[in-house]
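We call the chains A, B, C and D, going by the order they appear; numbering starts again at 1 in every chain.
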Amino acid sequence: MKIGVVGFGYWGPNLVRNFQGTSSVEGVVCYDSSEKRLALAKQKFPSLETAKTYDELLNRKDVTAIAIATPVSTHHPLGLKALQAGKHLLLEKPMAGSAEHCKELIDMAEKNKLVLMVDHTFVYTGAVRKVKELVDDGRLGEIMYFDSVRVNLGLFQHDTNVVWDLAPHDLSIMDYIIGQEPTGVSAVGTKHFSDKEDIAYITVRYANQLLAHFHVNWMSPVKVRKILIGGSKLMVVYDDMEPSEKIRVYDKGVDIKERESIYKVLVQYRTGDMWAPRIDLNEALSLMVGEFVDAIKTGRRPTTDGKSGLKVVRILEATQLSLAQNGAMIPLTS
Amino acid sequence: MKIGVVGFGYWGPNLVRNFQGTSSVEGVVCYDSSEKRLALAKQKFPSLETAKTYDELLNRKDVTAIAIATPVSTHHPLGLKALQAGKHLLLEKPMAGSAEHCKELIDMAEKNKLVLMVDHTFVYTGAVRKVKELVDDGRLGEIMYFDSVRVNLGLFQHDTNVVWDLAPHDLSIMDYIIGQEPTGVSAVGTKHFSDKEDIAYITVRYANQLLAHFHVNWMSPVKVRKILIGGSKLMVVYDDMEPSEKIRVYDKGVDIKERESIYKVLVQYRTGDMWAPRIDLNEALSLMVGEFVDAIKTGRRPTTDGKSGLKVVRILEATQLSLAQNGAMIPLTS
Amino acid sequence: MKIGVVGFGYWGPNLVRNFQGTSSVEGVVCYDSSEKRLALAKQKFPSLETAKTYDELLNRKDVTAIAIATPVSTHHPLGLKALQAGKHLLLEKPMAGSAEHCKELIDMAEKNKLVLMVDHTFVYTGAVRKVKELVDDGRLGEIMYFDSVRVNLGLFQHDTNVVWDLAPHDLSIMDYIIGQEPTGVSAVGTKHFSDKEDIAYITVRYANQLLAHFHVNWMSPVKVRKILIGGSKLMVVYDDMEPSEKIRVYDKGVDIKERESIYKVLVQYRTGDMWAPRIDLNEALSLMVGEFVDAIKTGRRPTTDGKSGLKVVRILEATQLSLAQNGAMIPLTS
Amino acid sequence: MKIGVVGFGYWGPNLVRNFQGTSSVEGVVCYDSSEKRLALAKQKFPSLETAKTYDELLNRKDVTAIAIATPVSTHHPLGLKALQAGKHLLLEKPMAGSAEHCKELIDMAEKNKLVLMVDHTFVYTGAVRKVKELVDDGRLGEIMYFDSVRVNLGLFQHDTNVVWDLAPHDLSIMDYIIGQEPTGVSAVGTKHFSDKEDIAYITVRYANQLLAHFHVNWMSPVKVRKILIGGSKLMVVYDDMEPSEKIRVYDKGVDIKERESIYKVLVQYRTGDMWAPRIDLNEALSLMVGEFVDAIKTGRRPTTDGKSGLKVVRILEATQLSLAQNGAMIPLTS
């Protein structure tokens, strides 16, 4: 099996490196619309093959799957063409520029019985997997809130705002961990240097009292990547900037001692140990690439499949709508 | 001059201690509706005088001013009575339960030519004063955003939600530092143990692209008290949990190199030194109490006067309204 | 039972407050050679009794025990007199200025069957008690090293150096946790402002490969209070500057896989979870004072008895000797 | 100019990569005694040339200089041979296994008029350069102490102890910043798994009251890389684990107000701003390699020349001697 990698910009080299390091992959063929980038790719990875046009890449019989690491606006046309050519497809995040486009890709993949996967890399980190484990085995209890902060200085991008740039990471983590259907989205933001938001706050509602909130910001003097998850039994702080101990689990919370009525409640605080579980430090991208290749070989559905990509894009779309309506709550239906 | 302190609960003892340590104050007379609390006050502060009823306190000629540290719902009736009795008035935050009540207190104070002050203690900290200084002398540049996080475990209160409990601190800091008129407020929240919100996110809009945002939370396993302020020239992180170096000033930002149109902007990052100015470590409450006494003696207007108390309560009211309307933007008019 | 507190300087007020809060104690009688300090004591603690001379205090029949919080050089004469007068004795740390003096105090207490205790407060903190628990139940394994850093800016003292000022805290913690007999001490230091060392490094040797090391420093721009303890099974970081999670226990270490000879060893790293046990947050001083009173009532030996005070002073003496001999190893014999 | 790199183990690949990225370098020729390592080198760097024997490498006329990244014990024989063959020489740290060997290398380089440089990489970091700048322009004042901690879990090495492994970093930083001649060295250590020390404390004395101290440790559960430098005017904390703000400069210290005699001193604490200067983030190794190449081209003496390599090794030798004599102070003469 050979893999075609499209786009040798910021992320493409990482895909090439990881596909080359995957045992079942016999070779990587790269295509980039810039000849200069393609020459650079060849220099960095001497054993890499290249294709002069996208069609040349798709026409190669030995290329089983296509991985697309180009700007979002091109995900849909390039991806659709790959699926029509019978190639399995891996798309960088976010999956596409609209939910409509995501659905078309999903339909085409299903029709042609092809694997469709989105590179939500964080879902494959040891840290996120560990939190998922704590949720799934019931130790965390019922999730009460999900609070995410992802802020730093830059990088400003010309074709996208801070929401489409940063929020897909946290929305995909949220979707993976919570696994429920959100009911509405509202967002506020502000722009200072162009017509694209550089700061935004996003709220995602669920059917019960579960609330998720996201702060994304290109204008922060400090780099923060922190998620708080409040469970009824345990609470978690996931600090991705910590070199080790990224996950801290707190045996803290509030217990209801007496509840005469909704108006009369006696709560009691619970403060126990803190615990930082050992985290699997394997590179997430390598696991993601491995799962893509495994899905092609075995036909199993990858964790971050087209449906999960669509869920993230639906929230991004609703966010954009809410931003334009000054924070109005946009209902989501699945 | 003697000061009457009403309410010897959580905050009252701090007021008594600070008034007793203020040079122009000849004595403190305390009143609490609970005889038990009053006995405790007497035990803790042996030189303290006490009054058996609120009327007894108000009738004392030697008592020039009243400081009220009772639940919010009682601020208006007790405060109004004090002003009517010709006493200067200091109210704990928030000033009152509604903007309407705040206005009545302001009007009565003006009519009777009395000092009316609200104890927004944080405005008197060295840290907040230092940030104000950086803003006022122009070094920070134009403020682009104000982001505040105040979260911890508890204390749940029966008569108020997390917004009325925690947000007055940050709203008063914001108002002091920014000094402009907000144009709208939206908020989302959630409740888990009673009919009072235990988590809320508040957005305050200003006329320009300045956005302020507040995260208040009674359900966090970790205690965070952090404010980010993004200026066009400098950026500030105010971390109140730091034992020293509470204020960090970053010579970081984004400069516009070229702007052909709103669609074509070339930005450039600026990364210079970080600087933690020495902070005045005098107790804020002592400075606040001193300013109250000084305002009585000289007739000058205190920094956190009735008007600033009203501004905070108007935002709290709008927050409450927005919470009930699922985050709708509530316009503010001054 | 009434307690006589001698010396109302930096630490005396804390002793008075804690003795007054101890149930079996009927009253506290204070003596200070300065009338001004004594007047201050009376003002701060209105229910306090005072004595005009030390003899007056010792002659009082209702005073069962004496607590001495005066400069070190006075511990021995004042303490001896108290024991001769039949009073139980609590001494501030360090116990006395020489091992010889400590022994005389121990002998007199034994002769007169009186409780003799040294206020090594840190031994009574929840943090240190928790580490002791981990050592005693075998979970930590064999202790390989004890590394302590206690540095900050000031306070310079005229009558003592940084070793006698700061090291007693860490030496008493070490002695409590390790519980073995040290075999030698070496130390280096330096002085910049007077003839007293302001920086010193102390090494304490034990019979096996266990090494303890202490860095005490009055000239550090940052405040550090950190102890690392390496056990063969678990390792501990005790950071006293952390507001919570003072103790972190690491399931980390080195396992020997194969040992052909001392020259051929294959080690393997073990990296497991980190765990911050909940710590008892009761005030250590209150527990210490309680244990003193309890020892008087029941006749039991307090944890930080005269012998443990002597052990600390013997190391301080050896440190001083080694400092004078440019770091030579001074043997200790028990 | 082509560079011969000897040894493709842990550090060799970094040297190859950096030499390949240096403009005046036309090519890199690699030699490793293991054919397997050499094949790996070729695979990782396709444009790399290789040599089958060390003699083949030395015989190449186009190879101007040799960089040696092999175990310490081989530095002297390999380096001497290179210098005898007329090649400029770069040695990994530490320079050699004994001061005697260092001197022979220095003499040979001088005799043959060749550049001799030691890769003390940290000296080329922006952080260390910034501290040096503060010292050289007098802003720090007189240096009173230098305190270094470099601890982590592993890596245990079979042919060296923790001193020879970790201390060269900090000793070279110390020598570069302080630039004076040390007068003596003492050290204590302990071993738990083999006959090599895994923990050690090193003290370096200077003629005045300046003291340097080093804690190196392979058995720490946490990774610390921190240096405190106390100047009479400013104090510095250099924390290499900080992602940004590695250098913090404190306007803190002690001022002498009055000095009647050495016995009567009134000190006063000074606490001003803290300041984290912007640090040059260029890769240190690239700067070091650039300086080596520049020294060859221009004949100038590199910063970390043979003499500075010798100074570090002399301290390491004295450390070893002191370890064997239970911490005795070993005098150093230059």
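FYI, a contact is a pair of C-beta atoms (placed from the backbone, for glycine too) under 8 Å apart; a residue touches a chain by one contact, two chains touch by 3 or more.
These numbers come from a predicted model, not from an experiment.
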Report summary line: The pair out of A-B and A-C sharing more C-beta contacts is A-B
Query raised in the report: Of the pairs A-C, A-D or B-C, which has an interface that repeats that of B-D (more than half of the contact pairs shared)?
Result: A-C
**Report entry** Chain centre separation (chain A, chain D; CA means) in Å
**Finding:** 42
**Report entry** Between chain B and chain A, distance of the C-alpha-averaged centres to the nearest whole Å
**Finding:** 39
Query raised in the report: If you average the CA atoms of chain A and of chain C, how many Å lie between those two points?
Result: 53
Report summary line: For chain D, residue numbers touching 2 or more other chains are 271
Report summary line: In the complex, the residues of chain D that touch chain C are 144-145, 147, 151, 153-154, 156, 158, 184, 186, 188-195, 199, 201, 203, 205, 209-211, 213, 215, 217, 219-222, 228, 230, 232, 235-237, 248, 250, 252-254, 256, 262-265, 267, 269, 271, 326-329
Query raised in the report: Once bound in the complex, which stretches of chain A touch chain D?
Result: 46, 223, 241, 243
Query - Contact footprint of chain B on chain D as seen in their complex - result: 245, 251, 271-278
